[in-house]
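Labels run A, B, C, D and E following the written order; every chain starts at residue 1.
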Amino acid sequence: MFPTPIAKTSRTWQISYQILVPLVMLIWLLPLLAVANFSVKPEADFVNGNYWGIPSSFDAISNYGKVFFESNMPRYLFNSLLITIPTVIGAVALSCMAGFALGVYKFKGNLLIFFIFIAGNFVPFQILMVPVRDLTVSMNLYDTKTGLVLFHIAFQTGFCTLFMRNFIRALPFPLIEAARVEGIAEWRIFLYVVLPLMKPALAALAVLIFTFIWNDYFWAVVLTQGPDAQPVTAGITEFNSQFRAAYHLMSAGSIVAALPPVIMFFLMQKHFIAGLTLGAVK
Amino acid sequence: MASADTNRSWYKRNEIAVTPWLFLLPAMIFFAVYVIIPIGQSFWISFHEWDGLGEKTWVGTANYERLLGWGDQNMDRKFQVSFWNNLKWLVLYLLAIPAGLFIALFLNQTVTGIRFYKSMFFFPFVISQVVVGLVFSWFYLPREGLLNAILGVFGAGPVNILGDPTLATYGIIAAGLWPQTAYCMILYLTGLNAVDPEQVEAARLDGAKGHKMLWYVILPQLKPATFIAFVVTIIGALRSFDLISVMTNGGPFGSTRVLSFYMFEESLSEFGFRMGFGAAIAVVLFFIMLGFITYFLYAMYREEKGAH
Amino acid sequence: MSGVTLNKVIKRYGDVQVIHGVDLDIADGEFCVFVGPSGCGKSTLLRMVAGLEETTEGSIHIGDRDVTRMDPSERGVAMVFQTYALYPHMTVKDNMGFGLKMNGHPKNEIESKVAEATRILKLEPYLDRKPSALSGGQRQRVSIGRAIVRGPEVFLFDEPLSNLDAELRVEMRVEIARLHKEIGATMIYVTHDQVEAMTLADKIVVLRLGVIEQVGAPMDLYRDPDNKFVAGFIGSPAMNFVNGTVKGGNVEAPGLAARYEGLINTAFEGKAVSVGARPEHITIDPAGDTHTVELTESLGGVSFAYLTSETGERVIVEERGDIRSEEGATVGIHIDANRIYLFDAKTEDRIRS
Amino acid sequence: QDLSGELNIISDMSNPAPRAVMEGLAADFDALHPDLEVNLTIVDREAWKTQIRNALGANPPDVVNWYAANRMRPYVDAGLFADISDLWAEPEFEALASTKGAMTLDDAQWGVPYTYYQWGVYYRKDIFDQYGLTEPSNWEEELANCQTLLDNGVKCYTIGTKFLWTAGGWFDYINSRTNGYDFHIALARGEVEWTDDRVRQTFANWRQLIDMGAFIDDHQTYSWQEALPFMVNGEAASYLMGNFAVAAMRDGGLTDDQLDFYQFPVINADVDFAEDAPTDTFHIASGAQNMDAAKEFLRFVTSAEVQTAINGGDALGQLPVNANASIDDDKFLAQGFDMLSNNAGGGIMQFFDRDFDAEMASVGMEGLQEFMVFPDNLDDILARLEETRQRIYQ
Amino acid sequence: MSGVTLNKVIKRYGDVQVIHGVDLDIADGEFCVFVGPSGCGKSTLLRMVAGLEETTEGSIHIGDRDVTRMDPSERGVAMVFQTYALYPHMTVKDNMGFGLKMNGHPKNEIESKVAEATRILKLEPYLDRKPSALSGGQRQRVSIGRAIVRGPEVFLFDEPLSNLDAELRVEMRVEIARLHKEIGATMIYVTHDQVEAMTLADKIVVLRLGVIEQVGAPMDLYRDPDNKFVAGFIGSPAMNFVNGTVKGGNVEAPGLAARYEGLINTAFEGKAVSVGARPEHITIDPAGDTHTVELTESLGGVSFAYLTSETGERVIVEERGDIRSEEGATVGIHIDANRIYLFDAKTEDRIRS
């Protein structure tokens, strides 16, 4: 292990390390702590210039209450869920199949198709913006969650396929050969042999895609409008268009918006990180 | 049994050849419809003038001429600004890699609670860029911002980072570095996990210590992690949109524009809807990215060939 | 009726030919072992029999069915992989029954077949475990069980024991021998382990560079190799080879400090030959002075002396009993002339007189 | 008239007060027509500016909000707004005559106004009183007032130019006061070069304020709302804004005693007052499913009673467009109405971003913002604007 | 002056003690091999000498320096790892010179030392290759070269050959023996391979559960093991053990169908003992009828017969020469009484009479 394990270093360094780590962490998370602080402040604090100090009164309930009961936030959150979950399911399903095909079979064009998926995943997605918007409009899916979901599925498929294919590649190929020798149909091999083995990859990918989609802002802006279909990232600025910059409400809203992926991260940390490092690309 | 043998269906006989295509089909359709074809369409649109509503008018390479300043025109000013900003993003965003490495080295210990600390350090990556943008724009507020409060303690400042055209881009990049560093940190932490302990031991016997160990033994082994960190950071840098949109909306007076933002502005913003011109910007951006895509694919290709 | 016949079988990967027209007959119930150096095509040949690799040219028959173009599943073969290839998410029982289940066999039939295989392999205590909870040997046994359950005509093994440690390897080797005796099916077994090949095989096939060098019973190969390659490959430590020349109908082998008469016919007069002698057939004469003992390696009951002759050639001699030669000593050696093997130095073919 | 089916409205009145008004309107109209189902969608005001195209494109609603003048043009040209000249021909519409011009393109009318509001300088009367200042009537007084304020550590004007358009207001006023309405409109139509000396004069006047340090610092980082606290806290004394800002200022805690309004003062005595008074409008999509109901709704919102109701101080707090409607007795509305009726001889401007071509407006406002921060860059900015003008207007 | 001395060395991981007070003297220039079953602490002990693991208690001396608390790089040791631990991004040359470079040696000194090591190990053709372009044996040779270059007083090897295939293993083994002779440095070598231990060692240390069971020259351990563990561990195939009892001063061993007189003193009367006999010391008497030949495995020059006695105990016998017993035959066996080893059945200690 590098650097030298702390247990093998001098006592003073051990102690200073133990102190340093939480300290550095606090500095690292300072912006977040500030938001958390903002979100429990009364509006008056901002008027009085008490931006960063201790809240003059603890208004969490009223602030979050406003976010939940007096704004469109719940609708936005719900939209986010309805966009994110089908996307995760769709993208993972498609890419499982594609990854299986690309990872297991040798056929002409295998590598080419695979590379197209990768390349597509890396293109600056702005180049898709205008045509995709037109396509969505012409399919009557503009400003619908479905339109957003379909696009997200398609675009994420590139990344997911890269991920799944590499994962399947790493499975021991003799498993598939063993199944073939046993006379098992190919689709059954996929269903009963490969799929169960991909569980960790599925989990990792699902968590990862969940966060990506949940945090998407660009496409939400391009393909949707208003609280009918827009996800929470796009909705969060709604607080801003009222008469003054409502820092406290926006902070509360931000925290609410950030919560699902954060919870996801903490619950599924292992998978999440596996996903990042395995798939390696956003 | 025998009859089943001779009457094997066409599918059964060609099972291994046909199956992959059946499995690929849905993903390929989706991908073609939403990604491949639109790329082509963007190319097509970039040769037109089009407001997104009426008919397209073929203008040939006029959009590119205006953008890149071919012939007697000057290069589009906004494009220049955007392009240089993109370069700044590309270069400075790479700081996330050493920063991530540094934090990863700092945290690569086994003490109680280190798992918790690691996840807290990773935290910013999970948060939406919109939220990050908001948080940092408050952090930078010219009068009330925490940054100026801190600078004030040292008797410096105040600065209005996002209001100063020479600083605003750096301010946004710094905000972007926050989650990106977290990302690189995770990559390096997993990379460090995979460092061969025997090599470290061999190096210890060889008398390599501290930064020498890092430079000669650890870093070379972290090459895969570095490669990945490099790729994701470049892609992240070229895709920078959310932050700019939230933090400065391209301003002040367009000084924080990057190509992706410029193209969005031209195509879909309030005063935009010059789809052809926007598409031309996208195409240029695409070609810049193509360099990196090619690099990545080449690396993958080599790996594939090496593996078999 | 389920022997395996390979007929001018050829395998090409693109332009590279890796199997060069192999002809082979494996009788019903025979235990056939493929050996050869790494990369010689053992696995490829086996996988062609299994149907996992396409056969480029030639034909493969199992029993009297031409299976050359058949799917693996239709060939009536079962394969045991080096890495076991057990489905990690299924219990031992499910692993063994999976193939039958997927092909729609009724439940009770599956049960009884699995039970039978379990009995043969003594796997009862593990039936409900996942493979990850088994030791290497147990895993390999399950993978053999999975093969048995399908009741194939031919069993194929690709280095099934090489992932096990030495002790387990011995144990499993005995197990496989017993299995063959009990089931009596045709088995083809790939290994690069001398001992496995010698002890298990009814018939050993020695491959080199995609070509069969020799086929025969283990002791026949040991006693009567067709060429220098086989002679050197079978037997451990390997046969010693020194250069010799044929002079006046006699073979002179300065490396062995000896001259052998009447071993060779006159056609070879003046030619260079390779003279082979197995370490176990050489005895050391402490009184001699033709060789120097460079190194001795004692393994307890047996020890090996590494001698150098005056020609600089190295000769390894196996010594038994309690008297061993000393390093640095000068000794002579003795070999019975009828233990001498001669090979053409060019073609490396055996010269049988 | 028996209306049935559905009426789909998309409105951008997303701020709380207007939102309530719009919801009220929809509900009332719904109540009036029992067989008709009114569906109202409210969209974020900023977002709507980009989204209207998509909304009108496929599966359009029946009625949408938008703006008058040039801002209508893309949709009129693309045939997305319905021609409602027939509606304007109805006698009831006589009462809207004053705004007919703003709704007319290509000799036809494409929408109806429902409200408009004056722009002007809102100021802290209490601060003015404290330093003995009075409402300025000409540029010199304005400058003098400002100097006094600055000497006392109070900024003259607050402004937030992050989203650019606020700077457009300043340009509208200084330019029209310096060169007159006609020149301003000619510039908007692309008929005058940006490098014209008269334009330079406008900027020179503006620069006087900038050089004095009249505007708050760092305005380029603030939205207009974020700039409000400066006024509320007394760090700045006035705000050149539309009347909608009054609600926000009151919201921020300023009482009507502290707050007052004056018309932007004279700069060049030779030119008449011209005022920014943007008109907000309703339009019918050409693809409307329920044309009858849509037209009826337009009649409804322009009727005198409804106009009176929705523009009241407790509602929009703006000016009604129907001449027969009465104006709430809010002091700002009264002053504004008076100003627009009696003291705007030069003409009514719709606002920078509505009078200028869209691309010109965006490039222009960016230049204005830059000018406000770096006045020395003026030559460069003007050259850039001129280049853009030449490209756009060929 | 660079022997290694361990003095009551103890290693604990938290609460778990894995090395229980080891005392050991390794003379200057000696080749010492640690053997023992997996997990017995061989690697741990070696790594403590290297300084890669801290020594919990006791002291370690190299020459007359107390190195117990020194850094690995200061101890004058070099280590060769099982997985070679070559730096994959450096060429062979750089790999070998790395240690010197790190310690600031001048370039030409590094060059000449690397050249010397290259010569010894015949690595010239590979100097500019990366490790990934080398075969396993070559890699291991480079890693040994890296050790040589640093000119250490003590070489440490942790199972250096276990990742190589059988053939290479033999080759590298001879290489290491030659190296030891050439350099003459002290070497400590961990292995669990019988043959390596027997052939390389000047001194074998048999470890079990963190305790030294016996230390001695290979043939001494083979001939005169101190206890049943060592007896069973050294020698391949392992010594046969059957149960015996002491009756009237004689040892009765029904598993061998034999009775041995005068081997044991009367103190053991009535006690249970373990009777050991090595396969190579047993001869088969085809005329006998006490054992059944269950299986024979022929390896060419030698074959092993697996016999079962009437007691059900299994006895393995090594057969040489051309006459081998047949499977299924009934035979008798014979062992010289002086080839018999007796162990206390309880303590497993050797009973020397």
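Basically, a contact is a pair of C-beta atoms (placed from the backbone, for glycine too) under 8 Å apart; a residue touches a chain by one contact, two chains touch by 3 or more.
Which protein is which chain? UniProt says A = Carbohydrate ABC transporter membrane protein 2 (CUT1 family); B = Carbohydrate ABC transporter membrane protein 1 (CUT1 family); C, E = Carbohydrate ABC transporter ATP-binding protein (CUT1 family).
What you are looking at is a predicted structure, and each value in this text was computed from that prediction instead of being measured.
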Practice task
Trace the shortest sequence of touching chains from chain A to chain E and report its length in steps.
Solution key: 2
Exercise for the section: Select, from all pairs of chains, the pair with the highest number of C-beta pairs in contact. Expected result: A-B
Problem - Centre distance in Å when chain A and chain D are each reduced to the mean of their C-alpha atoms - result: 40
Practice task
Report the inter-chain centroid distance for chain B and chain E in whole angstrom, where each centroid is the mean of the CA atoms.
Solution key: 56
Practice task
Averaged over CA atoms, how far is the centre of chain C from the centre of chain D? Could you give it in whole Å?
Solution key: 93
Completion exercise
Multi-partner residues in chain B (2 or more other chains touched) are 15, 52, 141, 143, 217, 268
Fill in the blank from the handout: Residues of chain A that touch at least two other chains are 46, 133, 185, 221, 237
Completion exercise
By the touch definition above, chain C meets two or more other chains at residues 71, 74
Problem - In the complex, chain B residues that touch chain D - result: 51-54, 66, 77, 140-143, 160, 162-163, 165, 248-249, 251-254, 265, 268-274
Problem - Residues of chain A that touch chain C when the two form their complex - result: 172, 174-175, 177-185, 188, 192-193, 196-197, 199
Fill in the blank from the handout: Touching chain A in the complex, chain B uses residues 15-17, 19-24, 26-28, 30-31, 33-39, 41-42, 45, 52, 105-111, 114, 117, 119-124, 126-132, 134-136, 138-139, 141, 143-146, 149, 178, 183, 186-187, 190, 192, 195, 197, 200, 210, 213-214, 217-218, 228, 231-232, 235-236, 238-239, 241-242, 245-246, 259-260, 263-264, 267-268, 275, 278-279, 282-283, 285-286, 289, 292-293, 296-297, 300-301, 304
Exercise for the section: Spell out the residues on chain A that touch chain D in their complex, using ranges where they run on. Expected result: 46-47, 133, 137-138, 140, 142-143, 221, 225-226, 228, 237-238, 240-245
Practice task
Report the residues of chain D in contact with chain A in the complex, numbered from low to high.
Solution key: 14-16, 41-48, 51, 54-55, 57-59, 223, 225-226, 228-229, 232-233, 247-248, 251-253
